[in-house]
Amino acid sequence: MENPFAQEPRASSSWLWQVITGVGLVLLLGLHFIANHFIAKGGLRDFADVVAYLRSPIILVLEVLFLVVVATHAMLGMRALLLDFGLSERAERRLSQALTAVGVLTVGYGLWLTWVIIH
Amino acid sequence: MSAPRVIVIGAGSTGAATAHDLALRGLRVTVIERGEVASGTTGRNHCLLHSGGRYCITDQESAIECIDENMNLRKIMPDLLELNDGLFVAVTEADLAFKEQFLEGCAACHIPARTIPVKHALEMEPFLNPRTLAAVQVPDGVFEPFRFCLAFLATARLHGAVVRRYNVVSEIVCSGKSVTGVKVKDYRTGKIETLGADLVVNASGPWAGDIAEMAGVKVPVQPTAGVMVTLDCRLNNMVLNRLNKPSDGDIVVPQRATCTIGTTSWKVEDPDLITIPPEHVAKMIDQGEQLLPVVRKIPMRARMAVARPLIVKNAADERNVSRTFECFDHAYDGIDGFVTISGGKTTTARAMAQRVSDMVCNKLGIAAECRTREVPLASYRLFYQGGQR
Amino acid sequence: MTLLDVTLQIFRYKPGEQPHYDTFTVQVEDTAHVIDAIDKVWAEHDHTLTFRRACHHSSCGSCALRINGVEKLPCIARFSEVWDGHSPLRLDPLRNFPIVSDLVVDVSGFFQRMSASTMTITRDAESTLPLSVDDLAAVVQPKAVELPDNLTRFNRFENCIECGICMSACPTMAVDNKFMGPAGLAAIYRACQKTDDPNEKAHLLALANGEHGVWRCHSAFECTEACPQAVDPAGKIMALRREITANRFKKTRRS
Amino acid sequence: MANLEYPKVRRAGRWFDVRRRKLGMWAYALNRITGIGLVVYLYLHLAVLSLLLRGPRSWDSFVSLARAPYFLALDVILLAGILIHGLNGLRVTLTGFDVGVKAQKALFGVLMLVAVVALGAAALMIFGG
């Protein structure tokens, strides 16, 4: 008899990435907070502060990395949640594609935003 | 000509095994059961796969049936048995005096039995009464009656049988002096139907009298209840029996992480409603303590009571009526196409099925050999897996 | 012995009819289990009430249902444990299974999941008795067992009685009916432990690693909380996760 | 045969049903609620940052708005969400690698205690500073 539960073993990836990005977020978020509220003298009080802050190369790398990781984690989380609607295999593939697109757009928008602000 | 249709009333061990036997012989079988599979006598069971030791003195016919079937079941349902053997244990001088007779009884019934040094027995069974005087090992085992029935029915289904659960027989339909079918009501849908059959087998255990009455015949079945108590801890590896004549609370059957002490015996009128007498529960603990002194310290997990179908041969104490089974062709009572199989025990269900199936085939003029001794059973899980409800 | 007057509110449903609750009052002993009261309702009031039961001692797993919303085996649930003494006791069928009639659910999906691993229900036992009562060890010191010549080892039934309670309690099962479910995954874990065949093991792990396998678990641990047999399905799911992850890293390192 | 199957959309909402459920179920539901909240916040945050495009004036007026006490309270809620989600995530990660599975309830309790303490400290800093 055909086993209805036999499938390609690939499902662990999304869980593993969720965990990796999750742990990454804990670290990055800590740094994000510290950078935002402690390193920037007196906090980011006005527009000029923000621009100056983002022009620091270390901060820039940190913030971009944070953006990528948070978007990945968020999209994987949304996927886990939306799978609960009992989707068909095709719909599940579509969902993954759509969420990847949303994630890429989010990151793209963030990068563009940063670029505009810096210049 | 298409194969004859047979209706089996009851999906306990007898009905399930009978359905399997008849289906293997090529008959078109329908099983009618008013509840879940094994929801009657079979379900509420010690779960003891008898070696026959229990009956080897008082009822050798039963004992021989037991040891033969014990060996047969090992072949056809190996996955459904806990095969750890059993000990008959003497804890009093009176028990000890019984030992020689017991060994002779076992020999007479070809039950493999051997005396184990008490020290050895206590090592194997650390909770056994330290004052144990003698221990005899026999091939007892443990099974699960529910899955036992499911396996028979799943296999029967593979051979074309239909199992209708939650269907109650409301009428035995007769044409003249011959049974032609049954009227059933489906409790799930409320639908009432008449099912035609060439022959109806009454395998309803302690309810056999009620079903037979619908056809206007009588069967000498006395519903006899017993209480069993299950403890929240497994205290023994092997089945522990009191080395003496059958009596109340003379056995502790281990299963998974529990063990069950049984049983008592009293006659009941209505097998549908049995109240558990508290003094019987207390008695189980008292008696169990004789074999396993820690019994009283263990919390109780469950208690149960159910009626067994005992065949009344003549007026006697219910402990001493035979635990063997009987097959009745009601043609002798003036009703044709209707047979009753009752008595016996789950261990001997396959043999009971063989006997009644022989009778059925004989009556229907079918020459087919019984094959249930050799054909291994399908997985019990298939019963539900098929999706048939 | 005291007698209790218990009111049961029982879920009723027949195909094509509106589901509703029926109320029955029956008298039971204070030491009774819930199954005794259901039995009494059936015997004294309504033979058309359909419910599953067989063994009455937590061995068959057929009677599982929800008592006041919580999954239990009524054969081992005492009134003293589950009843407040005055309000009606509500009985519902298991969740996450199609309902057939009243308290009877269709367990075919559950057994398909159990079969996926081909786990059998008997196993070799530990050489000493498992002690679940703490003070018992102090009473008697169990010694290592020397087995007689013809007996190489004792065997046991698996603890899982396939009652479906974990599947009813599982929040993932509640939303994803393709999920393999706690019992199915626990069975895979047991089958993995029992086999010495590396191919069989790889097959089983691949099964657990599927899109509807261990990764769909949300770590609510409801299955382990509800399991009447201390099978700890959630623990087994986590153990499978570790094994799968470990294998994955081993493979990555090798390649 | 007819049966009582729930429609997909109603099924999908059932993770939210914590009635008569145990601690682990609450942890799961909390994790989801905070997770959804944080995703919403992520996009709000991006939208707010877009104000930077409109030059210093609109940004600076937003910053002064953000210093109002009721806005700071929103910060505390955000922080609560982050702490609950992050620390519970730690529990899910550990148990997922078969670490501390037996102690998952205690683990959750301890982590939530940490969350409460950290939140208290943070609230003091936010309102105090």
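The chains carry the letters A, B, C and D, assigned in the order they are written, with residues numbered from 1 in each.
Here is the rule we go by: contacts are C-beta pairs under 8 Å (C-beta built on N, C-alpha and C of every residue); 3 or more make two chains touch, one makes a residue touch a chain.
Keep in mind it's a predicted model, so treat the numbers as computed, not measured.
K.L.:
When you average C-alpha coordinates per chain, which one falls nearest the overall C-alpha average? Tell me, please.
P.N.:
So the chain nearest the centre of the shown protein is C.
K.L.:
What is the distance, in whole Å, between the centres of subunit A and subunit C, each centre taken as the mean of its C-alpha atoms?
P.N.:
Roughly 39 Å, centre to centre.
K.L.:
Just curious, how far off is subunit D from subunit A if you go by their C-alpha centres, in Å?
P.N.:
16
K.L.:
Using mean C-alpha positions as chain centres, tell me how far subunit B is from subunit D in Å, no decimals.
P.N.:
Between these chains, centre-to-centre, one finds 58 Å.
K.L.:
Roughly how many whole angstrom separate the Cα centroids of subunit B and subunit C?
P.N.:
From the centre of subunit B to the centre of subunit C is 25 Å.
K.L.:
Mind pulling the residue numbers of subunit B that touch at least two other chains?
P.N.:
In subunit B, 389 touch at least two other chains.
K.L.:
For subunit A, which residues are shared contacts with two or more other chains?
P.N.:
Within subunit A, the residues that touch at least two other chains are 15, 84-86.
K.L.:
Taking each residue of subunit C in turn, which ones touch at least two of the other chains?
P.N.:
In subunit C, the residues touching two or more other chains are 15-16, 100, 106, 112, 172, 175, 177, 218, 241, 245.
K.L.:
If two chains touch, include that pair; go through all of them.
P.N.:
Every pair of chains in contact is listed here: A-C, A-D, B-C, C-D.
K.L.:
Which positions of subunit D touch subunit C when the two form their complex?
P.N.:
1-5, 11-12, 14-15, 17, 19-22, 24-25, 27-28, 31, 91-92, 95-98, 101-102, 104-105
K.L.:
Can you name the residues of subunit B that touch subunit C in the complex?
P.N.:
34-39, 42-45, 47, 79-85, 116, 120, 123-124, 126-127, 137, 142, 144-147, 166, 168, 187-190, 228, 230, 232-238, 255-258, 260, 272-273, 276, 278, 281, 294, 297-299, 301-304, 306, 379, 381-387, 389
K.L.:
Spell out the part of subunit C that touches subunit B in their complex, as residue ranges.
P.N.:
1, 14-16, 29, 31-33, 36, 39-40, 43-44, 47-48, 50-62, 75-76, 100-101, 104, 106-108, 110-112, 114-115, 120-122, 125, 128-133, 135-136, 139-143, 145-148, 151, 154-159, 161, 229-230
K.L.:
Contact residues on subunit D for subunit A in the complex?
P.N.:
Contact set of subunit D toward subunit A: 8-9, 11-12, 15, 32, 35-36, 38-39, 42-43, 46, 49-50, 52-53, 55-56, 59-60, 63, 82, 86, 89-90, 92-93, 96.
K.L.:
Per the contact definition, I'd like the list of subunit C residues that touch subunit A in the complex.
P.N.:
Within the complex, subunit C touches subunit A at residues 112-113, 116, 172, 175-178, 180, 184, 205-207, 209-213, 215-216, 218, 241, 244-245, 248.
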